[in-house]
Structures are given as C-alpha cells and as structure tokens.
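Each structure below is given as structure tokens.
You will see two complexes here that share subunit A, one where it goes with subunit B and one where it goes with subunit C.
This part shows the complex of A and B:
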C-alpha cells in the first residue's frame, strides 16, 4: 500500500502541484487586477459554476461523450479496416493512400453544416465530424506498423506456406498493435475536439445540447465562468478517453518488450 | 532424447549448379557456384561478411531465386509423418512473436501447416524439451534471456522435423559460454535426427566443433576457395575444444578464411 501510494505520488504528484499552484496564481491575478467576468472568470467562479449547474453541465457532457465515443469508435474500426486494405497490396496503397490524407486536411468548419444537412442535425452529424477529424492518425499509424513487419518473420511465414490472410492475422496485424495504439491515443483527443467543434457549429439544431452548444451560448451571454466550466469538462472527457486507451494498450501489450508499450 | 529417425528419412541432399546471384543495381553476390551437400551432412560455411553467405542460404531455402543456374533440394525417398516440412531456417536473432508464449511460438510452424491444436502443442513441448526449455512453456519472450530466446527459435525450427536445417550465424549475438552450450545442443540434435544442416558462421572454432565439412568463401562475389572434411571423430563434446587435433583443424580453416579476406 505504501509502495502504491509512493508510485502514485511520483506519477501524479508533480502535475497536481502545477495545477493547484497555477489555479491559485490565476485566482490571485484575476482578483487583484479586477478583470471583468466577461473577459475571464475567477477559477473559484468556475468551480462554483461547475457545482451550481452540475445537472445541466453533466447532461451536456453526456451528450458530447456519446458523440465523441461514437466518432472514436468509428475511427478505430474504419481506420484499422482502411489501413488493412491499404496494406494488402502496394498498388492499392499507392492508388488510395493519397486520398486518405483528405481526412487530415478537410476543413471541418466547412463540412459540418453539410453533414448536418445530409445526416440530419444531431448525434449522427456530430459523430461524423468527430470521425473525420480523428480517423487519419489511426490509418497512418496502423499502416506504418503493418508495412514495417520484421522481414525475417515475413520470410519465415512464407517458408511455412502461410497464406496472405494467415500472415496478416497471425503476424502483420498483431505486430502492428503498438502502432495501432499510438494512433488510437491521438484519435481519442481529436474525437473530443471534433465533437465540440461540430456542436459549436451545428449542435444547437439537434435535440440534445452538448458542451459545444453550452460554450457558444455562454460566450454570447458573457458567462465566461460557464465557458470555462464547459471547456474543463471537455478536457476531462478527452483525458478520460486517452486514459482508457492507455489502459487497454497496457493490458494488450503487457507481454511485449517495454519499448513497445510507450 | 527423441527416438532416432532412420537415416533414409532424415536428410535432404542439396545440389547447386552454376548458381549466380546478381541483385538489381548490379551487385554480384554469388559468382557461378557448384556445391553438393549430401543427405544428413553437417556443413559449415564461412567467409568474410558481405560475401554472399546469407544470399546462398536464401537461395537454398527458396526465398530467393538465382539469377542463373539451378538449386535443387532432394527430399529423402520416403516421406515422413503428416506435417513434416522440409526446410527450416534460423536467423541471427531469435525473431519470436512477443505476443505468444514460448509454447505457442514453437508451435507456430505447425499451426501454419494446419496441424490440430493438441498435436502441435505436444510436438512443440517435445521440441522445447529437447533444447532444455521444458519448464518455460508458459513464459513470454520478454521474460527470457538471449540464449533462451535463441533456443526457442531452434525448437521452432526443429518442430516440423525438417530434413534440411539452415542456420544463418544463429548464435553470433550470444556470449561465448551460452554459444558453446547451444553448439553442443545443436550437435546432439543432429546426432539424434540426422537432418542435413547448413550452418553459416564467422567463428572458425564453432565451425570445426559443429561440422563434418567446412566450406570457406572468398570476398564478394562469393566463390568457394576451400572445401574440406573436418578430421575429427563424430562425437563432439566440450572437452574437444582443448585438444591438439581441434586446434590444428581450426588453424587450417582460419588460414583459408584469411586467404578469402585477402582475395580481390
């Protein structure tokens, strides 16, 4: 137990100290300089708002979480599937890989309103934005892992007459797992950002109002405390998803060499 | 020890005629080369690095095609039991699958050949016991020492009961004591099974200890500059390394290797 507390302290102690000291400094600065509330809230106001409006903010967080999770799930599934397809042959890769970069470059601000017309406003359109914003790192990292398979093992599988499918399922895909998780970690954060941006743009048209909608409304009304409360909740959601991916990665890669688990 | 396999079953013979390998870009790795390896022979190949030893092994295994000439591997006349597969390959590093246990790594070739789970696990456990890893079946590669990983690699090669075992500087990365122990183990495996072995190494002492015949290649493009029987009794134990005969044989191979390095 003592060892556990010690490890916990080493891992989480420093960021906690930074958080507490940073918050206190900010509180002091905002109080002494009398910054008006529509410009920047006192940290204590944000905390009070988080408490006072918890039902409303939790409902908004839940709505954002659903869209972000659906978008992230799509990114994971579709991204890995696309990478597998691209890795299946050099021709396919050369022909299609340039188009996957589209996901990376598409201006989500322009496409979000179109999506909400095509898919009807609401969860589907918002999750689609989250997917578009977060899928590319999954494709790119998974593909990098799939084409970097240890050549000696590729030879060995050939020598034993393994089919392409067997080589993919028993060698190339499992060997690429560390890379898949690198992609998923990046995607987890991007999915939340994509969701909040989409809600910001088209969210108020849906039935449920996510954190993005809260942010637009509150900033129009000068409620910077509510804006920051919503931003904090969105960050917490991103961190939670990131942490969950890390947990799964550590579990799946537990027998690998430490260098693969970073 | 496994049951001895009848000699007729045990080894493939290998015939190379006029084999030449030129890589795209114009590197000639192997000049026309003729080589005969008898069934059940233990052959060591030595040569300066970059002279084409790995290329030669890859061509014998069928992973690489010669630019000219023919490579033939003749299986023993009687075919063995189901799942018997001709050629096994051991690389310089163990190249295990980190997500699989030792047992499952060793069973992998049988799995790829479609052998049922119970049979392949039994055979893999056998192969692992033969290299002294009978009690490490459930461990993962990252829990093993370099020598143990290499032994898993050797067991993985032996699990198919190959008639031709190709080893490309397999123990070069290990410390001297571990390497000698593995050499002894490999020799024992060969004595029991009598598969044909082609063993590429940098080490003259390793070649002389293990093999019944040593081939020395010249610098690139690789040609055979020395090919002779190792004049030592077939029983090889650790104490052999100190004997005058052993030192003498090592000396001869070493001199050939020096000539190979010097040749332009």
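This part shows the complex of A and C:
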C-alpha cells in the first residue's frame, strides 16, 4: 500500500500541487485586483457552479464525450487505415498524401452546413466534425512511423521471402506503434476541441446538448462561471481521453519500447 | 442579440477590420472636434445605416464630433465599452441588463430598432399562420440557446420539434422544407428569397419578447461626467437615422463598398424591411432612437423570470434620453 501511494504521489503529486497552487493564486489575484467577473470569474465561483449545476453539466459532458469518442474512434481507425494504404507504395503516397492535408486545413465552419444536411444535426454531424479535426495527426504520425522502419529489417524480411502484407503487419506496423500512439495522443485533444466547436454549429439543443451549446448560451447570458465550468469539463474530458491513450500505449509498448518504460 | 451571427463570417470581419472598415470620419484628428469611437456588433449593413448616414452627411461633424465607426462582429461589445476600449458600441437591450448585473457600468443612449428584427423563418409551404405554429408542429428549429429562445421554450414547454444549433448560412434552410431557422428579418429571409426559396417570417416580438435592438451604449461614467458629448451623439444619430430612413440609397452605396458580401438590391430591400421596425407610432410621437422605462422594466422582469438575471434593477438606470441627461 505504501509503495502504491508513493508511486501515485510521484506520478500525480506534481500536477496536483501545480493545480492547487495555481487555483489559489488565481483566486487571490481576482479578489485583490477586483477584476470584473465578466472578464474573469473567481475560481471558487466556478467550483461552486460545478457543484450546484452538476447534473446539468454532467449530462452535457456526456453528450460531448459520446461525440468526441465516436470522432476519435473514427480518426484512429480511418487514420491508421489511410496511413497503411499510403505506406504501401511510394506512388500512392506521392499521389494522395498532399490531399490528406485537407483534413488539417479545412475550416469546419465552412463544411458544417453540408454535414448537417448529409448527416442530420446532432451526434453524427458533430462526430464527423470531430473526426475531420482529429484525423490528420493520426495519418501523419502513423505514416512517419511506417516509412521509418529499419531498412535492414525490411531487407531481412525480403530475404526470407515474406510477403508485403506480412512485412507490413509483422514488422512495419508494430515498429510504427510508438508513432501511432503519438498521433492518437494529439487526436484525443483535437477530437474534444472539434466536438465542442461543432456542437455550437450543428449540435442538438435540449436534453442532448453538449458543452459547446452550454458555453455559447452561458456566454450570451453573461454566466461566465458556467462558461468556465463547462470549459473545465471539456478540458477534463480531453485529459481523460489523453490519459486513456497513454494507458493503452504503456500496456502495448511496455515490454519492448523505451518510451513506455519511464 | 447578435447571437444569430454565426462565426462563419469571421474572415470577412478580419478583412473589414484590417482595411476598409477602419475608414474614419475626415474630421478625426481635427483639434476643434471631439474624437470618439463607435464599435458595431456586425459588418456594415442597413441596420447600421443611420450611423454611416450621420458620418457621410456630416451630422456628427455638425455636432462637433468625429466618430470613428468600427465594424467588428459578434461578441459582447459591451465589454469593450465597459473596459474603455471604445466609447460607444451597439448591442441589444437584454445584453445591456446582463452587463449591468455583471457590474459593467454601461448605459443605453439610443435604440435603433423599436421592434426587434429577431425572427424565425419558415417555409411558406408549411402553411403556418403565426409563430405559435413553429412550436406546435414537428420539424426542426435551428437556433441558438439565447435569451429569446429561452423565452419561447418556456412559453411552449412541450414543443414537439427538434432543436438544433444554428448552422452558418442558409444552406440547411434551403435543403430542408421542414426546417425553421432563426433570422434577422432584415437579412436571412432576403438571401433565401434571392435563392428562390419561399421564406415566411415571424417576429419574436409578436410572441411577447421584444428587447430594443441595435442599441448604442456608453460608459455610465461618460454619461455622468460628459453629458454634452452624449447629447451631441444622440442628436447626430437621430439626424443620421432620419436621413437614412427617408432615403437610404446614398448611404447604402457607401456601405456596399465596405461590405461587398451584400449586393445593392439586398441593401435596398433590407432598408425597406427594417423601416417599420425603426420608425413606429411611438417614435413618431417622440423621436427616433427614444426608449421608455416601461419597456426596460418589462424586459428586466422577463429576464428574471427566465433566470438569466437575479433581480430586475430599476429600469431608469439602464438608459438615458435627452430630457433625462444631466444639465451640466
């Protein structure tokens, strides 16, 4: 038990200390300088709002989480699949890779109405936006890993007569896994951002409304404490998804890759 | 109330802000006139026509003012006024009360729209006769979860239609005959008609929620310490709006150069649609831009009932008119 607490303290102690000290300093700053609440609400007010409106805010968080998870899942699956296809041949890569940049640069605001028409407003359209925003890092990082496989090992597979598919599945993809997880870590945060933005463009209002709708409504109605409470929950969601990817990465990589041993 | 303005036009705003939008009154810099700034909560469109008319026709200069009109975009412009970033700004009356409860010392001095142009557009083929029909029939309503929608959701708690966020532009409205969409009756319905659609509009005001809209605000401190400038500003805006309501053509041409997104015919049509919302029986008795304490009081009560405000503060503190300005 003592060892567990020590490990836990080492891992989570520093960020927790930064969080507590940072919150206290911000509270003190806002109180002493009398910053208007419409510019910066007191952290204590935000915490009280989180407690008082927990049912409403948690329901909105759950809606956002669902869309973000669907978008992230699509990014992971489609992103890796596209990277595998691009890595299969230099010609395919040269022909198609530039167009994947579309996903990174497309302004969601421009295509939101089309997504709303094709997929109907709500979860599907929001998740599609989250996918579009978050897929590129998965493609780019996975591809970088796939084409950086040690050439000596690739030659070895060829010498032993391994097929291209076998080389891809047994050598290049496993070797690229650290890169895949880098892409997934970036995509986890982007999926949440994409979801929140999409919610106030093509999201549902009412029982299924997500944090993006809460933020816009609260901002318009001057409830800055609620705005920041929702922002905190969106951050927590992103952090949770990031943590989950880290956890999976550690499990997958811990026996053979240096990045998962520290 | 600028909430209808989706962020899809941010690019245009940046262009306007960086370039032509910053055109100043020629008198800016002249030491004999007082230079002030007026920040708009959207791009140059007919809803701001009277301000540009006041600049172009010299109404500001006649009052000894050099007004730098700054188109901006959505967002809480009252924060800019409260923080002293700009002297005057346009917003909506409900935002003024929200701002004041947040401790922002802002005061309304002129209200362009006596009847709010906020509305809902539906397809004529649906055969709706009044705004209640939107909330008693299935379908979809695209709107933002802001003050007026909270009012209507409270009024129609069992509304069967699906509520979704307001997507940018009018594409979804054109594509879906069962879709209703929030609008300014001076804007989106005209675009829809140009696109050969069949928009029919209902004013939110007809349902009982009617905040003054395109309201010019100033810092309370300025009202108290420099009432002369406030007086001059009100008189100049009144003259500007009088000129624009009577003949918007010349000013529309000026604004058209600043906002190439809107064509000349839409400028003209929009100016025509907004005329009865600006000049009402009330303003014919008083003057353009005038406000009453009763209207502010009603709005305050409504916002309290919607739990947007905690208390309905005395209405008189939220606005001034010429006869209530300090004599100094």
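Convention: the second predicted complex is superposed on the first by the 253 of 262 C-alpha atoms of A that agree within 3 Å, B and C clash if a C-alpha of one lies under 4 Å from a C-alpha of the other, contacts with A are read in each partner's own complex, and residues count from 1 in each chain.
The definition used in the following text is that a contact is a pair of C-beta atoms (placed from the backbone, for glycine too) under 8 Å apart; a residue touches a chain by one contact, two chains touch by 3 or more.
This one's a predicted model, so the numbers in the text were calculated from it and none came from an experiment.
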Partner chain(s) touched by A:4 [first = subunit B, second = subunit C, both, neither]: neither
Touching partner for A:199 - first (subunit B), second (subunit C), both, neither: second
Of subunit B and subunit C, the chain that contacts the larger number of subunit A residues: C
Contacts of A:112 with subunit B and subunit C, given as first, second, both or neither: second
Partner chain in contact with A:99 - subunit B first, subunit C second, else both or neither: neither
Partner chain(s) touched by A:37 [first = subunit B, second = subunit C, both, neither]: second
Partner chain(s) touched by A:161 [first = subunit B, second = subunit C, both, neither]: first
Subunit B versus subunit C as contact partner of A:222, first or second or both or neither: second
First (subunit B), second (subunit C), both or neither touched by A:209: second
Set intersection of subunit A contacts, subunit C complex versus subunit B complex: none
Parts of subunit C lying in touch with subunit A, wherever the complex brings them together: 3, 6-8, 10, 76, 79, 82-83, 95, 98-99, 101-104, 140, 142-147, 149-150, 162-165, 167-169, 171-172, 175-176, 308
Partner subunit B, residues of subunit A touching it in the complex: 150, 152-153, 155-162, 166, 170-171, 174-175, 177, 255-258, 260
Complex contacts: residues of subunit A adjacent to subunit C: 36-39, 109-110, 112-114, 116-117, 121-122, 199-206, 209, 212-213, 216-217, 219-222, 224
Residue ranges of subunit B in contact with subunit A within the complex: 58, 61-63, 85, 87-89, 91, 93, 95, 97-99, 108-109, 111-113, 140-142, 160
